[in-house]
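The structures considered in this document are given below.
First subunit A sits with subunit B, and in the next complex the same chain sits with subunit C.
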Partner chain A sequence: MNRATLLSRESFVELGARARAQALLDPGTFRELAGPFDGLTSPWLARQGVVPQGDDGVIVAKGRIDGQPAVVMAIEGAFQGGSLGEVGGAKISGALELAAEDNRNGIPTRAVILFETGGVRLQEANLGLASIAEIHAGIVDLRRYQPVIGVIAGQVGCFGGMSIAAALCSALVVTREARLGLNGPAVIEQEAGIAEYDSRDRPFIWGLTGGEQRFAIGLADRFVEDDTAQVRDVVAALATAPVDATPRSEQYEHYLQCITEYVARDASHQPDPAMVRRYLGERE
Partner chain B sequence: MEQLQFEYAAGEPASRRVLVGVVGSGDLEVIIEPGAKGKTSIDVTTSVNGYGRVWDAQLTRVFSAEPRAAMNIRIHDFGATPGVVGMRLAEAFEALAEADGKEST
Partner chain C sequence: MSEQNPVSRGDAWLAALASNAPRLPGYPPSIQIADIEWSGRAARLIAVVPDVASPLPRARHGEVGLLEGWALARAVHEVIDADRDAPVKRVIIAIVDTPSQAYGRREEAFGIHQALAGAASAYATARLQGHPVIALLVGKAMSGAFLAHGYQANRILALDDAGVQVHAMGKEAAARITLRSVEDLEAFAATVPPMAYDLGNYASLGLLWRTVAVQDAAAPTTEDRATILRHLQEALADIDADPHRDLRGRLDGENRSATRRARELLRAQWQD
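Then we have the complex of A and B:
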């Protein structure tokens, strides 16, 4: 990419969650639900000495995408690492449930989730976990009717229970900055040891869990530049496409087979990006 | 974490609600809603303890320097420096002024 295109494009990664949601919806259609003035802050954070945020770090907005009814849920990665607590989680699962209800009433509402999250908010423990389980159920329900599109732009990435939510989406869009993993690098290092997994080795971390690798091995469906116009166009095309009859999460037999083969042949070797591509199959 | 309250004399109620900022490291969010005529009240929740006098000095300077509309303001601060606080408040006032400009036309 030359300097002129780099300067002329608008970064998506640098946008806050609300601006991202606005960028994806048709101009003038953005209408925020359960917003920052509605007093829905976390009831748990202040009791533990943590400053809350007016929207609990989750923006839910109704609007239209290419003229079709849509709801966009955006997680603010700058607030508490994009962690999901009781309120923020309920905002997402509630929006998904209402979108599915719309579809049962003949309104073809589709959904876009902007993941920027380390997963459950530890200060809210089981309430956060419960709400993430409800988000999973909400995605599986809604994706029968209309696409549920996940976007991981970066730089927080998408981890923990919310990585499962991302995997349940009808389609997943990633950038080079994105990371997707069940556990974050620091957690794996703590459990497996620094010799096996050095969380400060950025090329290693991105090589295994980064957007480019996740796209190459088929765990993500679109690889986009950090360009707001491109993200918008790709999301709009996916969100208005026909519903996929066999989402990736239904193909678990295939992935279990890949893991079985790896365990049988190579489990004693440290996996590197090329080895993962060999076992999971590289996209042409 | 510390919670602080401030009150200042003000004019007519602000014309609309405004949100700026994010509760991210070294940053803050400012939530502004129209207040009762004649009074601006500010609730500050800050992650840094012991800076009540600094908040008092800065907010008094900002809200006593010139007459402002009456507002209910909530500030959620995550370790912002006074410089960042000043910029976020200026950003919020600018958003309020822009809205006023649009509504008068």
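Then we have the complex of A and C:
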């Protein structure tokens, strides 16, 4: 890539959630729902000394993608680490359910979720967890009709119950900045010790859970540059493609076999990125 | 009432409800499955139990890890596939007693999030296909483990017992991550129902269909078995009578009004 291309490129990672949603929808079609002026704030944060935000860190926008009806849900990583509380969670699960209802009424609404989240907001613990279960239910329902595309751009990454949501998507798009894992590095280090997981070792963390590795081992479907135009084009192509009959989360026979082989031969060894590629299969 | 010593609450309840039904072979020891006939309906009971000899050292105490997630997916899909053309779908009962998901390097490296998604997806698909799915909480139902095993059920029942706990994270870890002392966390929890660790506060969120008192939550008596079977029966009748296969029954809790408000706003603004 020459310097001119680099300079003309608009970073997607640097955009906030609202601007990301705008960038993915066809020009002039962005319409935000349950927005910052609707007075929907977390009822739980203020009493814990945290200033709530008008959109609770989740943007829901309807519009079109390549002319097709779509809803984009974008999590704002800059608000409380992109954590999901009651309101933000209800916005995502509610939008997914309305999109599925659209499809049952003959309107082919598809969905894009922009993940930038540490998972459950611990200040709203059980309502975050419950709403994430409802998001899972919504994705599994909607993806029968139309694609549900996940994007992890960075820099927060995607963790906790929302990493499960990402893994339920019809297709997942990642950048080099992205990280995808169930447990955040700091939590693993606290639970299991620094020898198990050194949360400060960036090459180690990205090597195992970064976008490039997740794409290489087939746990993500597209690896893109941090380029808004490219992200838009890739998402549009996936969002308008026919639905996959066997999403990754249904491929239990394949994954059970891979894990069983690792367990039989190498379970006593801690894996490195190359070992994982050997057992899960490396993408061409 | 089990012949052998149960290894956990989940195992004890599986043994109690399954009576003499054999455990299904071909699964990791941490995934215990029994198929039963129960008041004229076929049901599959599934429990995650500790396997102290697990080859994956971070998943030896009943955690849901790589093997457990994918094996749960298989156990549920087996039922879905077998009943594909059946007019009456068999019941799936998740017996929940899981301290957490597995925290470890092997787990992250091989994609534990995808394994848990496999399990959650299987339960959600079973529910959408018309299988009555019931979760019975007999011990801890924590975080990612509960998302994978139980939280996709049509109805959730919990034993009314202090050992039954639903939460996003254990107290000590939650305190560290939110930079508070355990004492502060507990003080907050007392005034913030979704943060509380007790079942009473959890019930106020509206997520439980019913709580059931038993004599011994750790070692069910013959009477406890009969009690729980009766409540499961009522849950099943409630599901059978319900035209919906989604999770809307969880939205009515007294401490969930912001959820309802967000959904009403979305619906009012949805159509272009």
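Keep this in mind: the second predicted complex is superposed on the first by the 282 of 284 C-alpha atoms of A that agree within 3 Å, B and C clash if a C-alpha of one lies under 4 Å from a C-alpha of the other, contacts with A are read in each partner's own complex, and residues count from 1 in each chain.
As a convention for this text, contacts are C-beta pairs under 8 Å (C-beta built on N, C-alpha and C of every residue); 3 or more make two chains touch, one makes a residue touch a chain.
Keep in mind it's a predicted model, so treat the numbers as computed, not measured.
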| item | value |
| --- | --- |
| Which of subunit B and subunit C A:241 touches, first, second, both or neither | neither |
| Superposed model, subunit A: greater residue contact from subunit B or subunit C | C |
| Contacts of A:122 with subunit B and subunit C, given as first, second, both or neither | second |
| Which superposed partner A:54 touches (first subunit B, second subunit C, both, neither) | first |
| First (subunit B), second (subunit C), both or neither touched by A:19 | neither |
| Contacts of A:90 with subunit B and subunit C, given as first, second, both or neither | second |
| Parts of subunit A lying in touch with subunit C, wherever the complex brings them together | 31, 33-34, 38, 40, 42-44, 47-48, 60, 62, 86-87, 89-91, 94-95, 97-98, 119-120, 122-134, 136-137, 140-141, 144, 160-161, 163-168, 180-183, 186-188, 190-192, 196-197, 208-209, 214, 217, 219, 247-253, 255-256, 258-260, 262-263, 267-268, 270-271, 273, 275-276, 279-280 |
| In the complex with subunit A, residue positions of subunit B that touch it | 1, 17, 19, 22-25, 27, 29, 31, 33, 45-47, 74, 76-78 |
| Subunit B-facing residues of subunit A, complex | 16, 36-37, 46, 49-54, 57, 76, 78-80 |
| In the complex with subunit A, residue positions of subunit C that touch it | 55-56, 58, 66-67, 70-71, 73-74, 77, 101, 103-118, 120-122, 124-125, 127-128, 143-144, 146-148, 151-152, 166-169, 173-174, 176-178, 188, 191-196, 202, 205, 207, 246-247, 250, 255-259, 261-263, 265-267, 269-270, 272 |
